[in-house]
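Working notes, beginning with the structure itself.
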């Protein structure tokens, strides 16, 4: 039973990542790979603050998200000049640079050895360390993320994002400062991804660079595309299916030396099938242009 | 008083001068046509005026204010609306929503207004929806308001492009081939709309190939060839200009 | 010390050139980033392992069979994944994502079949390197540099002089015009994949003589190969050699004072600088601009 709750918590964290990436990729049409870098910087920030300075995880969460948002602005800058596959490569590259920093700046991050013993959240004197209590914490943030992104996209501001996705040149002709909107979207998307990163760190109580590889970024992208670009419900469904399904493989008694590559093979196959046959995913109404 | 003044514009691509020293003015509340054979630089001039390209030399003035180095969205906000030769709509968005793009919002389109779903945002949205429906009625597309723009016929798309810049409430309209590919009935609608715009005090500069349309609609004609202006004046005098005839006939 | 770094830079650069050459031939005809090229590279090595180590086949026959299979793999990827996308007129980004999918699928398939452990093509002890000008270089490394140079020349001559090469350039510069003069662009694309993938196979086998075989070997290869192509000038054969050597040297000289682990960060840092400041690369190939 506890294992089931654990799966739900991981699902919740991925849902936040997927929703935040959907804002950038699905609604605004910006080919942003490397999303996990935001979670990475926030996770390390709040972990290091808690471990080295004894700072409360709540503050760490906020500061981590803010730092992630700042990184979002940095990563968003190339998006002002680059399109489509070139932007994908640039953001992909920035993701690898962040990973390299986590891996090589050993004096700060302990590199591949990782950071163990990350303290959990506490509320009113109680530690949020049982799975049940953590589930409530994560679901609260999932709700906040969902509402925030729903509000953002369901508005005149959101309409302009969709315009940028459809045709940037026409959006400029309508008097909208496209660059400003692109940067805002990266900052906001990065902020929520940062929240997911901190939630992950204080739950698993251990992080190392291997949790934040390129594969992770591609997995989140897959969740966005699979669920449907521009569909928030799709992101929830897509992330849920793609987290839960590989766990079923484990229930079939497969050893992890088979289950691990098999899971990735299914992800790879799914990406191909989606791009060739159903680019709008499960619930999406929009495709890449 | 010239709404638009173009001085000595030069635009080069890879050593070829697409626009080579072009200068002209467009008077307030006039309908002016920009014509010339294919490749003479008409759309490049539009791109320069609307800010998508920067000239190597020359200046552009809008109501006396220099706009040469401004970015496209600032120029649109100042009051110049343009359509595109290849029609640039938002295909996966509804007709009504396409029109909504052009409207100015006080604070309604800001990020925090969206995040907190403020009452002001909702009010401005409601007001603009009504205005958008009004515009769609004006161009005759109101019964298509829920349709995705990508599903419209060619003629309907051209009308929607016009509708969209109406929401911008510009003073100067730059229309790039507004009649291209239209059936006669839609051509009449478009002609009618442009004349109504003039009645409302607007200024129009349009690119066109169909000389009959130019004759019947334009008060002034500017003729380009190989990036240079070769004639400027009333339709009748331009039509009989020897150089103009050479440019068009000599091309054959 | 610095001579070794320069030499290492040339060796690494030659590897990147080899990957970039095959990648570039393919890019010329299809105009998108065939990321999965990296996994064809890895497959070539695994094919060679299968024939040479597992089935004890004659080395020359192992080599030839492996290269052929790699070529076929590349063709299969085009037929089954990219061809349907061409029919749908997909934007470049869609091809790239599909290519990621192919890459992930095949890399993990290799891991499923062969396991995640490191394998090797070597059967005997490691030979000592030669000492030249204060640096050490092994036989294999010399072979890599020589092969990369030869293949560069062959590819350049092929593209510039041969009939198929001309056809490739025609399809690349003007697909419609090419069709008008009777060039079947699908056949040309197939040829490009066949040749490019064969080259990837050769490179994979060559590299696995120098380092080892493991399922993730394709990732680094294609990333560096792509970066080399872009900074050299995407679609340009001379660009591939310039970009490859530049990247190899920059990486290896760049870590002179800092840890070796920063190599990837340096490579991507260079890529991003080029993308932002000079996307047409060192040779300045024009990338297509959007018509307004």
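Order of writing sets the labels: A, B and C. Residues in every chain begin at 1.
We take it that contacts are C-beta pairs under 8 Å (C-beta built on N, C-alpha and C of every residue); 3 or more make two chains touch, one makes a residue touch a chain.
Source: prediction; values computed, not measured.
Visitor: Where centres are the averaged C-alpha coordinates, which chain has the largest centre distance to chain C?
Guide: Farthest from chain C by mean C-alpha position: B.
Visitor: If you average the C-alpha positions per chain, which one ends up nearest the average over all of them?
Guide: Chain nearest the overall C-alpha centroid, as shown: A.
Visitor: Quick check: more C-beta contact pairs in B-C or A-B?
Guide: Contact tally favours A-B.
Visitor: How far is the middle of chain A from the middle of chain C, if each middle is the mean of its Cα atoms, in Å?
Guide: Each chain reduced to its C-alpha mean, chain A and chain C end up 31 Å apart.
Visitor: CA centre of chain B versus CA centre of chain C: separation in Å?
Guide: It comes to 47 Å between the two C-alpha centres.
Visitor: Could you put a whole-Å number on the gap between the CA centroids of chain A and chain B?
Guide: Centre-to-centre distance between chain A and chain B: 41 Å.
Visitor: Note the residues in chain B that touch 2 or more other chains, in rising order.
Guide: Touching at least two other chains: 52, 84.
Visitor: Residues touching two or more other chains, restricted to chain A: which are they?
Guide: 169, in rising order.
Visitor: Can you list the residues of chain C that touch 2 or more other chains?
Guide: 292
Visitor: Which chain B residues qualify as touching chain A in the complex?
Guide: Checking each residue of chain B against chain A gives 50, 52, 71-74, 76-77, 81-82, 84, 88-93, 97, 100-102, 104-105, 108-111, 113-117, 121, 124-125, 164-165, 168.
Visitor: Where on chain C does chain B make contact in their complex?
Guide: Checking each residue of chain C against chain B gives 291-292.
Visitor: In the complex formed with chain B, which residues of chain A make contact?
Guide: 148, 151-152, 154-160, 162-163, 166-167, 169-178, 184, 188, 285-287
Visitor: Name, in rising order, each residue of chain A that touches chain C in their complex.
Guide: Against chain C, chain A makes touches at 31, 78, 81-86, 88-90, 93-94, 96-97, 100-101, 103-104, 169, 215, 218, 221, 225, 257-258, 261-262, 264-265, 267-272, 274-276, 279, 288-289.
Visitor: Enumerate the contact residues on chain C facing chain A in the complex.
Guide: Residue positions touching the partner: 32-33, 81, 84-85, 88, 90-98, 100-109, 111-112, 115-116, 215, 223, 226, 230, 259, 261-262, 264-265, 268-269, 271-272, 275-276, 279, 290, 292.
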